[in-house]
């Protein structure tokens, strides 16, 4: 009992320099975690809380080697961020084998708490199941019933494409094709042409970050949107909208796990965060990073130990009720079920970061797969 | 545009290569190095993170295998990552999907690398010098794309969660110390194979080919076949290293097959000393340790590694062991 | 529909061919004349793109003129000069010391230079890439080619690079400079004794070849986002292009560059996953039937 | 029954459109020294390259001991006992003289592909290697690396190595080129010694050496045979005198 | 030995030392020759004759002493300035034919250093073999053809001082003879020539003087007229 090694170590393993380093991971995520630790008082059960971070370069092997050493040598108690599903899947498995809790935020694949779920793996913030529920539904209902996907060619992209396809088909739409694009491509033109000639009404972007931004830009460059096809970004952050410009992104619908302009509590948190991050507004992933850090520390406090089993159990006992999630709960399969928001790009707001307005709140139980449908074997008994 | 550049690191450049290998001074230095090697392998896990030492051993074996080609045959392969990384996938698949025990999985990996080595080698030895280097580089890139696109490799995700399993159905390799000595044994076997190859009748012919290919041909040696065998041997041993690494990290990834890894193994060998026995080990240990220690400075590691590359090429073409041998006036180390 | 798609992908392929051709051209000049395989060529291409970006987005701020954005046309002239000068520096300070050794050492040296350059740019600008905002006004918008809408800028890039390639080919193959350079590679000492300033010639040539890489970088900036890794995988493709064209052959580099871009583009129509590898497979085939490359001098 | 060890029939080689060797018929009698002479560019080196398959003939046939060897590759030809030397000296510079010779002897042990065995098993060849070195006067240099030998001795080492293969037929391309007078004498002596019991074909510009050693001389000119026979006959042939020695040169455009 | 001093030497070399890296090869060469003269440098293998020519051309790692050409000092000049300002043509021992250039490109390579050079036609007339092979790559030539090319190449440039190193090496007697003719003709046309030879008979009769070099020094100097009487001495110098 008590705190192992007299210190609680939180490891932020993220993409510190690559395509996901803005918006999802990087300094912004580290700032959120550190801010939470500070707000918590820097200590838990009288022991120091330490935050360390490392760059996984979007490489699962780099990530798992780092995680392995963190666990074996540095006795890290919890690993978070794990932006990039391939990374998260690898590290979650490894950490669980070694009895260490992971709390993935940036990573999206619903498999993390689905068929790849583990005893100590938690997925916090959003997933590929939750994203299309809002966005794809809205698009299909507006008449966009045939889709062509441009998909990031790894765990995340494929999961997102699958989950979106399921939504589209359920609503009677069809999927006419897809192109797999390597992560961090800069030229989407040939895929876009392929999509264009498929005749689909909607080009679904099953990618994220810089990839999404580039794809949308080039679609405009080649006159694809003018040609009558609609783009649907399945994972868009406000930072992406900002770099696209609201004129280019105009009309875009997308789904987020939180938006800073939801209520006063959120607005206040955003102001505070911006001081930590050199003036960049938080994305919903950063908010999740903060929220989960507090949740984890509270669980240690409540359990009176940093023992993984005790903390994991405690995490599922609490309700997550803060600026980020209202009445959210961490399920047996490790998924944080909470409300999601469909937002739409808006132009000309006063605050340069006010790039979207919320058009619909998607209740947690609608957004996420049920425990039963999620496919986590461990959670079925 | 002459293609007849003699192999790298040989002939004209280094005129003075000390006395015969069996001179008494050499014997002593050789003995000391062997002793140091064995001793440090035995005691390292007591002082260092075993997984890290295992990584060192894997890369050291990789570099030694590579050196067999560049240092003792005069062929610069710029695509050795294909064998290292390829074998990792073969081994991973054999263990994870076919359920082979780890040892047989690793052997499967090495055999797979041998087949790849045969295919790449047979094509590449049609050209010489810089062309050979570029062709191996490009062929390795094909292997890389296969690793990216074939269904069994897991694409960008890599092949994850390869079980370490048990050795001969007896001891679990999940115990880090057992795993360590298992890896150490593989390293020693690989290293001894290389050592013996260099000092075999076959090695003698390789050296002759490196020094004067046309003459070797006129003496009736089938030069291409010798080169190909050397290539396949080197590829298999690189594969042995890669497969072992896959079991250590329970992971086969694209990084291992990427050209940058091919570049790194060249650097390790160059830095330690091409054509020396122990040099590649020193080079691998230096580079891997650097990467490890400097991981916190992020991409500056690349700058440092690049800088070392430049300095070694400009000033230490003999490498650490090569320079040492020159100063001590010994050979065969 | 299929024909339309083939034409469209062909155009895009040709567009990539611009960079294959210009880069392999520079590589071929440097190799053919200096016997150096410049691994850093891709990194210098990247540097060229960054120079354009820096001129547009940063220089103004540095000198206190926030509103100053040095435009694309200026970059098109300045970047090759800057990159070329940097190339000459590399030649003077580093490569020069390796000519008397196996050319493989030059390859390794430039490999090291590549790592350093990439690392420096990643550290300064991040690995993810920044879009180049300075695309010239005159070249915005699209042209309707009948089978597709094609951005004006990309069309410009194609035409411009064809002209550059032709001009370079003329200078090297049709003037005495070429012969002097080749001789200088082979036996610099003797060429010097004939009264030619070989070291200067070599430096200028290297500067010219790398300047071409810088030029390609500027051309690329408005198309792709400017990223420290933009040249990293490209260089391997360029190697294959050069081997296919015939190492050291100027014509080979240009023809193979555009041709392979085209083939790669069309491959995407039929079997997209093969597009990555088609160039390397072609390389294998060429090696089997014509080891010196399509335009190389057979030995 | 003719005792020709080597016969070339209608041998031809073109480079592009240029016929470097044209319809050459060469009959080399067993146990003799056969010299190939001719002006520069006559095709002598090319003929050597054809005979050893370093070049592929455009036309013609090569018989060795009556068997057609036209389609064999250089390695197979060497392994049949036709071994050549080069116009410039060809040794393995960083191997010792002993190791150089041993490489030739090693072949007959059939262990050259055995990478798993120790090379110490080659030491059984040392005695014979020393003997070969002794034959060419290099015994005391056995443990010196070849680079350290003076030019003439490198040439001798090359011959000793070649002898290690016990070739039936040796082809020597300008063995005395670039040597000072004292070396020339030494090498000529050496060639005479090793010719015992085997056949030698040599290209040589030094007429003194040719006159001294050769039993038969074939004169090539512009890829074709101009004359053939013993020195006394050939050297008096007016065509040879004009084309090769340049007698009557005043009338020929220099 | 006769020590006739030339009034106005075209080339005067005094106390020339030269090094390759650490190795000190020339130990004080002194020689001189007047406009239109022909001298030979004789000596055994490794005596330093080639190095003397290379030192004149600035092709050694370090040189000291004096090389005065038409009164101008050449020691400090960078290598690429020597041929043009001295109007020198150099034919190296190893011939130095460029393999990546055609024969004609090889011929046209050396820049013109003065007026009065031979035209391509003159050259092909002098060496008809070369005309036949002019489109061929340099090193596809036979040894002898390469030798001709190496000499022809410098005759085009208008050089007036020719440094010729072992030009008869590896050549058939017929060519050696032709070259002898050519040398005679060049001399008659007023060229100044330094000839490095193993074979002094080749130059006997054309040369003005012979310098015997050993261990990087001039050990003797023999006027051509005295060759007959100095035969024993010469044989002694040149053989064992």
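A, B, C, D and E label the chains in the order they appear, each numbered from 1.
One rule holds in what follows: a residue touches a chain if its C-beta (ideal position, glycine included) is under 8 Å from a C-beta of that chain, and two chains touch if they have at least 3 such contacts.
Predicted, not measured: the structure shown is a model, and the values here were computed from it.
The chains touching subunit A as well as subunit D are B. Relative to the C-alpha centre of subunit A, the farthest chain centre belongs to E.
Among the chain pairings, B-C comes first (most C-beta pairs in contact). Taking the mean Cα position of each chain as its centre, D sits at the greatest distance from subunit C.
Remark: subunit B and subunit C have CA centroids separated by 32 Å (rounded to whole angstrom).
With each centre defined as the average position of its C-alpha atoms, the distance from subunit C to subunit D rounds to 49 Å. Here the spacing of subunit B and subunit D, counted between their Cα centres, is 41 Å. Centre-to-centre, using mean CA coordinates, subunit A is 80 Å away from subunit E.
Multi-chain contact residues of subunit B, defined as those touching 2 or more other chains: 1-2, 148, 298-299. Across the assembly, subunit C contributes 122, 127, 182, 186, 273, 297 as residues in contact with two or more other chains. Residue numbers of subunit A whose C-beta contacts span two or more other chains: 17.
Residues 49, 51-52, 55, 148, 155-158, 160-161, 176, 249-251, 253-256, 295-296, 298-299 of subunit B touch subunit A in their complex. Residues 16-17, 54-55, 59-62, 64-66, 68-69, 72-73, 86, 89-90, 93-94, 153-155, 182-183 of subunit A are the ones that touch subunit B when the two sit in their complex.
Within the complex formed with subunit D, the subunit E residues making contact are 44-45, 125-126, 128-129, 133, 136, 140-145, 147-148, 169-178, 181-182, 198, 238-240.
If you check the complex, the residues on subunit C that touch subunit E are 176, 179-180, 182-183, 185-187, 189-198, 297.
The touching residues of subunit D, when paired with subunit B in their complex, are 52, 54, 74-75, 78-79, 83-86, 90-96, 99, 102-104, 106-107, 109, 111-119, 121-122, 143, 147, 161-162, 165.
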